[in-house]
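Heads up, the next two complexes both have subunit A, just with different partners, subunit B and then subunit C.
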Partner chain A sequence: MRHLKKSIVAAAFTLAASLPALAADPIKIGLVLPMTGPFAAYGKQIEHGVKLYLATKGDTFGGRKVELIVKDDAPGTAGDVSKRLAQELVIKDKVDILAGFGLTPSAFAVAPVATEAKKPMVVMNAATSAVTTKSNYLVRTSMTLPQITAPIATWASKNGIKKVFTLVADYGPGHDAEGQFKKTFTAAGGEIVGEVRAPVKNPDFAPFLQKIKDTKPDAVFIFLPPGAETIAFMKGFTERGLTAAGIRLIATGDLPDEDILEAIGDAALGLITSFHYSEAHKSPENKAYTEAYYKAYPKDRPNFMSMGGYDGMHLIAEVLKKTGGNADAEKFVEAAKGMKWTSPRGPISIDPVTRDIVQTIYIRKVERVAGKLQNVEFDQVNEFKDPGKQ
Partner chain B sequence: MSMPPSSVDSAFSATPLRDASRWHPAEYAFWVLPVLAYFVFGENLSLLSQIAIAALFCLSLDLILGYAGIVSLGHAAFFGVGAYAAGLLAKHGWGDPLLGLAAAAAIAAAAGFVTSFLVLRGSDLTRLMVTLGVAVMLYEGANKATAFTGGVDGLQGVEVKPILGMFSFDLYGKTAYWYSLAVLFVMFWLARRLVHSPFGLSLRGIRQNVGRMPAIGAPVNGRLVAVYTIGAAYAGVAGGLLTQTTQFVSLDVLSFSRSAELLLILVLGGTGRLYGALIGTMVFMTAHHFLSGINPQYWQFWLGAALVLVVLFARDGIMGLLQKLGTRWTKPA
Partner chain C sequence: MTVVFDGIASGLLLFLISVGLSVTLGLMNFVNLAHGSFAMLGGYICVILLNRHGMPFLAALPIVTLASALAGVVLERTLYRRLYGASHLDQVLFSIGLVFMSISTAHYFFGAQQQPLQLPPMLSGQFNLPGVDIGVYRLFLIVVGLSIAVALQWMITSTRFGAQLRAAVDNPRAARGLGIDVDRVFVLTFALGSALAGLGGALGVEMLGLDPEFPVKYIVYFLIVVAVGGSGNIKGSLYASLIIGICDVAGKYYVPQIGAFVIYAVMVVTLIFRPQGLFGRSAAK
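On to the complex of A and B.
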């Protein structure tokens, strides 16, 4: 209650001229997420994170009650659909904030809407580096692809891996990951002994695996879309004796995502990745978060996507607290810049220049913990900025 | 459109054909609807524009499937070619919308012309596979050429200039709506003249009995190549429109699901009727919009249920059902 009074007073004083609505009006947040189709798991996890935040931390931000409007932009890769839904959220539903965005095309297509309508846009997953450059009102709370790729290259070069073979899925994100890995790894003195781009869908990995085996690298860096392809590759890697030949497997951490880790099974054991969130992260914040998650969604596992949604809501909550419930895009972004907090994933902040996330990237290894496959963190890079923008 | 008398046997009356080509009062009423919609659903203009664009795309499939009987599971190939043509032009400085549409139509038509020779070989099942194959190859090509197309991230920096230098695209989608609707109407009018022309009648003849057509002097292959090229150009224009009104091209424009959904919409609306394509699109997109709004996770179930009902009780689609009801009403038995 004291809070509410304070924010009303603040609003009356500072924004009497510019803010026609009362601070007590609900704050409408429009979530654009793929809820059906091939990326339905993304939408589901992000929505879990968002709702979990509201359920555990309260649904009143800066004195205004939160009202969520979820729009399904399936398949998530069609920019025209996402853009139309964002336009409707702004024009018809009169939302104050646009949020969500499972995949890059969706964020790219909506960014001009945020600019034109002057609405803050919180990206909770889409990970291509350039996303934040597309609108001045855009803030990201997930990760960027170069940000999660560079640390594994650095780690490899420092840990006796001299020769690496790269295998990526042949699409935009795969090319980006390949480029970043090569750049960081060769700059650190490593050598790329082979490169392969595999088809995105249903590739037959057997010839690639044989080629890798013949090349005898110290390690293989892979980037594949999480799902069936990853599972097929990992199983083939063990079955064809590459593990036995002493070839190590390194990747970005979206590969052994908690959602599919059990499906990969024991073939994932020993896989080393770099990433910003692991369910096994040891901190009181994460313990409270994962416990609340299992209570609310006993059938699913908390992963990086639900984390992106959860932190996105935290950012919105803190910004509105700071602005006294004012969601004006300029004020929102000003308040968000440089904001720091301890998330369940670890300490994170919003870069005041790029509006992108700065966070600790962990090096983790897949191990079995209490019967469950987990990404156990054993090394870290603190306050790591997106290298894609440097 | 009147039939040239020389092509008609003197004993044969062309009156029913002439009647069919005349505008029915219901058609005038139909075209008033989108104008009314502008005032009634002023907050949904971006959806309405996309319905108009999808309707134009569906119309293009109706020309080749409904009239000429060429089944296609890869019609999105031409939609995508048009979308990328308009997008790449606008990205590199030629942002005039009408120029973009003309280019989209021309390039898609060229793609249609070239691939039509593949489609001519073989019958229905082969055609399904060939059209699907062409679309998949284009999809993979666009996916790989990330430097050129942006790959799965989508084509960035599409800047479209105001239409005729006067009407710029706005957040509310007003310009986009009138623009899409005007293009749809003009293209529909042309298609309508086409299907009622001797050329259009020969297409129907080919669909109904391909063996007899050469006997009455209609060159089957030439006609099929022509209609396939025209259909591709129509799809290209629809793709170009989508690019211009959203100022973005996603790889999804070439996806299999876009081709498959299109076929579904056309079957829902009714093939070989032109209006079937329009009504099918309206019903499908509106249902999609409301159902997914009500229930973001499970809306596809209701859509599936509706389709099963249509297949069970309205074999010729919604348009077929309407026509049946219409004849029963005007001529009581």
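On to the complex of A and C.
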């Protein structure tokens, strides 16, 4: 009897002792990212952003030290892999927050895990509009595809472009971009004179380029996976003399992404895009950010993906500051809703209704600045919400 | 007309990146799925020479070819030769393993991003003849591709080395008995295959791009060319590349909705009527 009492007292003491210690427990953030395979560049850039935030802004959020656990969900398009890794993170590693997600299939597959395990989920890239509807605990800090597509359609219709030929890669995001562009552009009175869906892996754009040349539109709107296809298309565009024929090239800003801009080379000059982040964005926040980035990763260039990772960490840091280190999913999401800050990309906020990002979208043109190809911003749409949810 | 020209150019690009495989798979009867890795090696060497050492593109090509040949020799001596007698499945497993190793190696050294390549002005641009627009680089690919095809075909059918090679593949024991140094023939042929792969890779960077995923990205194209052309001869690969290139470009130009499927249709039809490929030797050996 006495023995039992003793153990109860001991247990009570242990419990009491553990309570204040709880706040000082590390906050575990599980990152699900494609670190190898075809989308390895995505994972690398997002991780750079995340680590850069911790290195420059401190790694203690709301009194709790941040502990990162990175899981490679290569290829990034296989939802079941991402889901299994997220489950491991929740059950085995006992993470408090799920974050990362390079591609849409990965975010779609993990959202139910977040809902069931009641863990906040911060999406740092995956850009399909519907991602945020998949879990009530999901917040996005990157962009949505319709959000970056609609402004270029509006801009084109206002700037003397009447006839547009669209060429998109034949996969989900390509169809979304095509749909949004058509919707916005025709609503503004423009005409689509031709549309092509090119295979995702397409080594030779010659036939499509020739078709475009023969159709003679005012401009071509393209959406291709950033990488080899974009490079091949842009090089062919100049080589085939389409620029010389007065055909303009417009696109979403992920195509001339800083990561591949030099690989496209001078063929990218003059390309007009709409996007939320450019390395050349002029603000003191971005200056500090890019300088820190080059110091930490001299071989790479800061791009929108590292920005998504950086702002994702900022969101987590600010939310935990507000909740005093409490990462409970309900409280986390409540605190995140409506949060506003000035990111290196410009002013951004979290929509209190959709938990999606609201941000300024810039119209930019590729130019050579101090020897480097850059997306130079010359127009903007402020506080632009995702039109895909309206 | 422009469509036909583009088709031919596209076909010869296919030929250039696959011809190395026609040599190793077709002539040596070794299922070398790591062919793309040699092409990638050539691409990276080319990009490094151009971007870090400021070497002109045309001067870099012979170096790329030699370096890839050398890499081929080293790997043949240390690894490949052990598998000449092995079953095709073993060869597939071995070479696909090499592919994954090469992807990770390239990833480690160069990162996941696309590599930039700037062609010299004399090779870029386009000039117009009546009725047809000719891209200079495409024309260059056609010339290089055709020269290689002619030279290879001549080497295999009309030289002593070609005869030795055919003998060594068909019956290594008898060939050895006749005093042919089979080992040496194989090393040289493998080096030739690797050199062609490297050259094709370097020439392809401009149009295909270059990142660590290169070997798996284009493996389907290599294999289609060899399958349609029939193993064992260069002429087959050349015709197969041309047919595929022209059908692909024409299909995408006239019927873009199904354009991507055309090359597979060509392959399926060919293989139904000629399972051994267009110019393949019959399966009985």
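Rule of thumb we're sticking to: the second predicted complex is superposed on the first by the 368 of 390 C-alpha atoms of A that agree within 3 Å, B and C clash if a C-alpha of one lies under 4 Å from a C-alpha of the other, contacts with A are read in each partner's own complex, and residues count from 1 in each chain.
Keep this in mind: a residue touches a chain if its C-beta (ideal position, glycine included) is under 8 Å from a C-beta of that chain, and two chains touch if they have at least 3 such contacts.
All values derive from a computational prediction rather than experimental measurement.
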Clash-or-fit label for the pair subunit B, subunit C on subunit A: fit
Which of subunit B and subunit C A:Thr36 touches, first, second, both or neither: both
Partner chain in contact with A:Thr128 - subunit B first, subunit C second, else both or neither: first
First (subunit B), second (subunit C), both or neither touched by A:Ala78: first
First (subunit B), second (subunit C), both or neither touched by A:Asp170: both
Touching partner for A:Ala228 - first (subunit B), second (subunit C), both, neither: second
Partner chain(s) touched by A:Gly241 [first = subunit B, second = subunit C, both, neither]: second
Subunit B versus subunit C as contact partner of A:Pro26, first or second or both or neither: neither
Smallest separation in angstrom, by C-alpha atoms, between subunit B and subunit C in the superposition: 6
Subunit B/subunit C common contact set on subunit A: 36, 40, 44, 170, 199
Subunit A-facing residues of subunit C, complex: 2-3, 6, 9-10, 13, 104, 107, 111-118, 124-126, 133, 135, 137-138, 206-213, 217-218, 221, 248-253, 256-257, 259-260
In the complex with subunit A, residue positions of subunit B that touch it: 43-44, 46-47, 50, 140, 143-144, 146, 150-154, 156, 171-173, 242, 246-253, 255, 257, 292-293, 296-297, 299-300
Touching residues on subunit A, where the partner in the complex is subunit B: 33, 35-36, 40, 43-44, 70-72, 74-75, 77-80, 83-84, 87-88, 90-92, 104-105, 108-109, 112-113, 116-117, 128, 130, 134, 170-173, 175, 199-200
Contact set on subunit A toward subunit C in their complex: 36-38, 40-41, 44, 170, 196-199, 201-204, 206-208, 210-211, 227-229, 231-232, 235, 239-241, 259-260, 262-266, 299-300
